[in-house]
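Both complexes shown next keep chain A, but they swap its partner, so chain B is in the first and chain C is in the second.
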Partner chain A sequence: MNSKAKAQAIFKDNLQSFFFILPAFAIFCVFYIYPFLNMIFLSFHEWRGIGPMHFIGLQNYKELMGDNLWWDSMVHAGYITLIALTFQNALAFALALACDREIRMKRFYRVVFFIPPVLSEVVVGLVWNWILNPEMQNGQNIGFLNHLLYTSGFPQMVHNWLGDPKTALTVIAIVHSWKGFGWGFIMLLAGLQTIDKQFYEAAKVDGANAWETFTNVTIPMMLPVITVVVILTILGSMQVFVLILSMVNEGLVNHTDVPVTRILSSMTETNRFGYACAEAVIFGMILVGVSFIMKKLSDKVKQA
Partner chain B sequence: MTNETIFVDKAIIPQHLNFNNFAIAWTKGNFAVYFFNSAIYTVCVVLGIVLIASLAAFAFSRLKFPGKDIIFYMFVAAMMIPLPGSFVALFVLMNKLHLTNTRFGYILCMINVGLSMSILLLKTFFDKMPRELEDAARIDGCGKISIWWHVALPLARPAIAVIVIFNSLSVWNEYILATLLLGDSQLMPLQRGLMVFQGANSTDYPVLMAGLTMAAIPIIVVYLCMQKHIVKGLSSGSVVG
Partner chain C sequence: MHKLLTLCSCLILVVFAGCSQPPQPSNKILLWHWMTDRDGTFQKLAQQYQKETGVEVTIQLFAPSDSYSQKIIAAAQANVLPDIYGILDKKFIVADFIKAGLVTDLTDEMNANDTAWAKSLFDKALADNRFEAGNTYGIKPGIYGVPIDVTNEQMLYNKKLLAKAGITTVPRTYKEFIMDSQALKRVGITPFVSGWGELWMLNCFSSNYAFNIMGEEKVFATYRGQVKYTDPDWIKVLKIFADLRDKGVLIDGIVTKGNKYAEQDFALERAAFAFNGSWCVNVYHDMNPNLDYGVFSPAPISTEYPLKIWGGAGSSFVVNAGSPNKDKAIAFLKWLTAKKQQVVLARETNNLPSNREALSAVSVILAEFSMGMDQSTHPSIWPVNEDPLVLEAFEKGIQAIIIGEKTPEQVGQDVQKVKDRQMAAKRN
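The block that comes next holds the complex of A and B.
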């Protein structure tokens, strides 16, 4: 009798505790787990959003393998990521190193560099949409950049920056880097400040110059933070798309397509929900694979 | 500035300011409605996340029940695995539930977006919190709920500040779910409204800029006031992660 009452009390206690996580768990199941499984399920079907659903096995995936627009979009995202990894992160690291020293207005820089990241992609995109506008009105360039080039004596450089496939992606990547470098800056600076100053003093005593100190003290100590920044940069840059939607306003042009805009247009323009899901599954797997490889690589470097 | 002077003025500082554009944006551009909607969504989502996440994080940190670890690792995994294009499946789901074009549906979706990260952050905070106060409350006869409300939540204020700021930023700046789920212009938040306005009046830049300013100013003000918490949140994330 006693043990039964005890068991009941434990059960009641467990149930009470479970009610604490119930709201979170319910939302998680309905809005995360179910859509996640449904996405995989839909990727094996041909479905137009309404009406009957046809099971077609791996047909969507087979088509995706030969879809040039899709793989082009992947190359575009890779190009943007490459520029973000090199240009954006080098900038972030250089500025973080500079702000780690005792310089004037250190706090001011820390505040200012993080303003672009807190602004929305739509706001940033629409401002650059104006800056890069290629059109003319009443004999004047509407876009600020072209206006500036024209009035400061470089009329031959006036250009349709986003309309030209040769420059569009680079311009997008630069705007993306401008918007994003603050993240890396703050994280790298926080990492730099955790390095014990004794290491620098020890290096100085051993007669190391600035470059040797940088490669032998700073870089190894910063490796965990650098890894996080690199992985976050890759994930963030591969998935950039709202910025592109708001910068390029004449609908979606193929030369500025990235994987997420492909998924979006499969869904909203051609109403191929199954195909959109197959694209999302493949892209998700690629992203997980890339961040897994990056993690393994950094572990290996750490051991060596 | 007007549309004529925006290109003619070569001075860096415009010679005459024209606040008329803000009035035009506010009334004719429908930005009053967009602004109000953004505010509602941000407040509701952030409140929801703080309540739901703190309940769950408190349970994960302090209470015992079967299946606790598995469920917690599900949340962690959800935060680690990138889900590009999850909006396709979410759109399908919301259609099924007849929640497209409702504030409630959009709010639920956005609560889900911020939930995992907030639970993880709060749980780490609760784990480091001393247990003495809770024990004292328990001896005084407090139940679990009142310990959560009277002891854990007030103590977790620094962590809650970080959660409030990050989730406010992400809800205020959210675009794609708002686009897919809210087709009715009376329900649209600012980011969506800006794109609609730009699509309809592609070269009315002065009024568009007024709208952009309205979208950006609250975020910049919040950021400048809460700057310390943001740096703290980011750097704790980078050191832990």
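The block that comes next holds the complex of A and C.
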């Protein structure tokens, strides 16, 4: 085959490949690239969702920089993320370690731990609303938690959990962690099962105790999985909002606002679509930035 | 290569086939709505209409209402709105739809035959759909929507629970309301519930008292920026919420309570008083058919100005100005708002009919609600509305008072700061 024919064959081959991915590429462009670019375009405009758009340059971004409610909502999302990163992932790792051993009813536990993540956030919100209900009827607490506290001899701990700014966000973060730990559990368990048992045997031969084995074998081998779990936890927790809406509706003053509820409020309550888009752009940039930093950090830890 | 060319041609054909022809007149009408509780009755009425006229009406439900609103805006942008739809949004958004040529002016139809159609409907309901001469939205004066029912928000009381506390008559003044609430508390009954996790309900309740304390002119003057939120009258309005909190009138967790939960609380007799809209009759009936309750107007705190309640058109439909079946759509709406169909809607869905002649067919409790229509008002008919960001600060401020985080004076100052900022932004 001469070089011209060879080049033609390669071109044909490439063209064929291109046509195979064309439908997926078109769908990606229509449903991801175009809305993304349009969102950036809209963020430079004042627009109510219908009617004419007015170009206002960077005005939305300028306003956003001084919007305390927006930055407070970012802090709230950060707080939820922090609890998820620590409490949720520590729980997921501990349970994954437990289920990685030869224990009875291992499969049953795996199924049970994976139930919360497959439930709808609305359902979880409704169930926890009932558990945390602060009301009383005929002198009895209606909410399960308060009833439990009262009947177990801790009446001083009976509380309006979602109606108190001191506890509302923490309670939401804990419920979010309860709902989300199953994902981390499954991923971490899968990671643990890929570690070659020979490493543990070698550590045993070298006289390493359980803690030394954990820190010198398990953790280093699990770093890639832990990185993925941490990044997914950050992205998932920063974007939590359905749970918040189903637990506290439009929020407890501004104490339970998170970026997505602010974006939603800008669109539906005040009809400021341009401002909502600016919020979404900034929020997206922050998430990309955080993910990038996490990736760099984990690479450094791996090298060390 | 031949295969590739064929594939390309197919793709191009598919793309061009997708480009639709301009819509043609037909004997079919498409209606989009959001009313889950009325869908069955709408479907039944549509079938009846087809039998009577041969026109096929397709009713499509999109719920909940938030999602419906977003769908309508998206459909308007794509110019794929149905023949009949409702705009569940603020008046300025309705004005934007009209400006975009998406809503038919129904004034001539309403005024035909000596205003027969307009006369058959409640004035307050029609007012929601009307743009007056010189309106601030720049819309040609006229009627742009058809109300299919009316609604208002009032106080409800549980007869059994009030009797338990020895209360024989409903409170006529705010002072009596507080006294009754304390009597209820003494026998272990929670006095009051409402869905104040939904901020508009909080706004509705507070504006009732704002009208009562300072009169509508002063309220509108505040919205125009001529009166400050730190004015003693506004502080009086805010102090009502501090008072309700201090006297233990409010149910625990009221600031995060959605209206569905509040309705459940009242239906399950967990609270003696509730603040809710006339749609609740249907909801309570479904939750507890044996609930024995009545309706009364919120108890005024002042005798200086009348207490006004929110009310007007509950749900309205508009006709797509770009629809090729505009005349058929208008004819259907005329039929839907005629007495016979309105009686069916009122009986089956427990909502107040928009046709005043159909009022005789409603239940006792709905009749009690209907008596409040004379004292009703609504933001959609006010000459001026508050800036949404100021409103948000006001509503969240009330929440802060209820949870004891801020004083009425602090909230007044916070709201005024937002107001000043918005006024300055408008001037620039």
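Operating definition for what follows: the second predicted complex is superposed on the first by the 270 of 304 C-alpha atoms of A that agree within 3 Å, B and C clash if a C-alpha of one lies under 4 Å from a C-alpha of the other, contacts with A are read in each partner's own complex, and residues count from 1 in each chain.
By our rule, contacts are C-beta pairs under 8 Å (C-beta built on N, C-alpha and C of every residue); 3 or more make two chains touch, one makes a residue touch a chain.
What you are looking at is a predicted structure, and each value in this text was computed from that prediction instead of being measured.
Once the two complexes are laid over each other on the shared chain, residue contacts for A:Gln16 go to chain B and to chain C alike. Taking chain B and chain C in turn and counting the residues of chain A each one touches, the greater count comes from B. After overlaying the two complexes on the shared chain, residue contacts for A:Glu135 are found with chain B and with chain C alike. Touch criterion met: A:Val122 reaches chain B, while chain C stays clear of it. Of the two partner chains placed by the overlay, only chain B lies in contact with A:Met187; chain C stays clear of it. Once the two complexes are overlaid on chain A, the chain A residues touched by chain B in the first and by chain C in the second are 15-16, 49, 129, 133, 135, 137-138, 142, 249, 268. Taken in their complex, chain A has these residues touching chain C: 12, 15-16, 19, 22, 48-51, 129, 133-139, 142, 160, 162-165, 168, 247-254, 265, 268-271.
Chain contact summary for the complex, chain C toward chain A: residues 1, 4, 7-8, 11, 66, 69-70, 73, 76-77, 89-90, 92-93, 96-97, 99-100, 188, 190, 197-199, 251-258, 261, 265, 268, 270, 388-389, 392, 396, 399-400, 403, 405. Per the touch definition, chain B reaches chain A in the complex via residues 7-8, 10, 51-53, 55-56, 58-60, 63-66, 71, 74-75, 78, 81-93, 95, 108-109, 111-112, 115-116, 119, 144, 148, 169, 172-173, 175-176, 180, 191, 194-195, 198-199, 202-203, 205, 208-209, 212, 215-216, 219-220, 223-224, 227, 230-231, 234-235, 237-239, 241. Chain contact summary for the complex, chain A toward chain B: residues 13-18, 20-21, 23-25, 27-28, 30-36, 38-39, 42, 49, 110-111, 114-115, 118-123, 126-127, 129-130, 133, 135, 137-138, 140-142, 147, 151, 183, 186-187, 190-191, 194, 225, 228-229, 235, 238-239, 241-242, 245-246, 249, 259-260, 263-264, 267-268, 273, 276-277, 279-280, 283-284, 287-288, 291.
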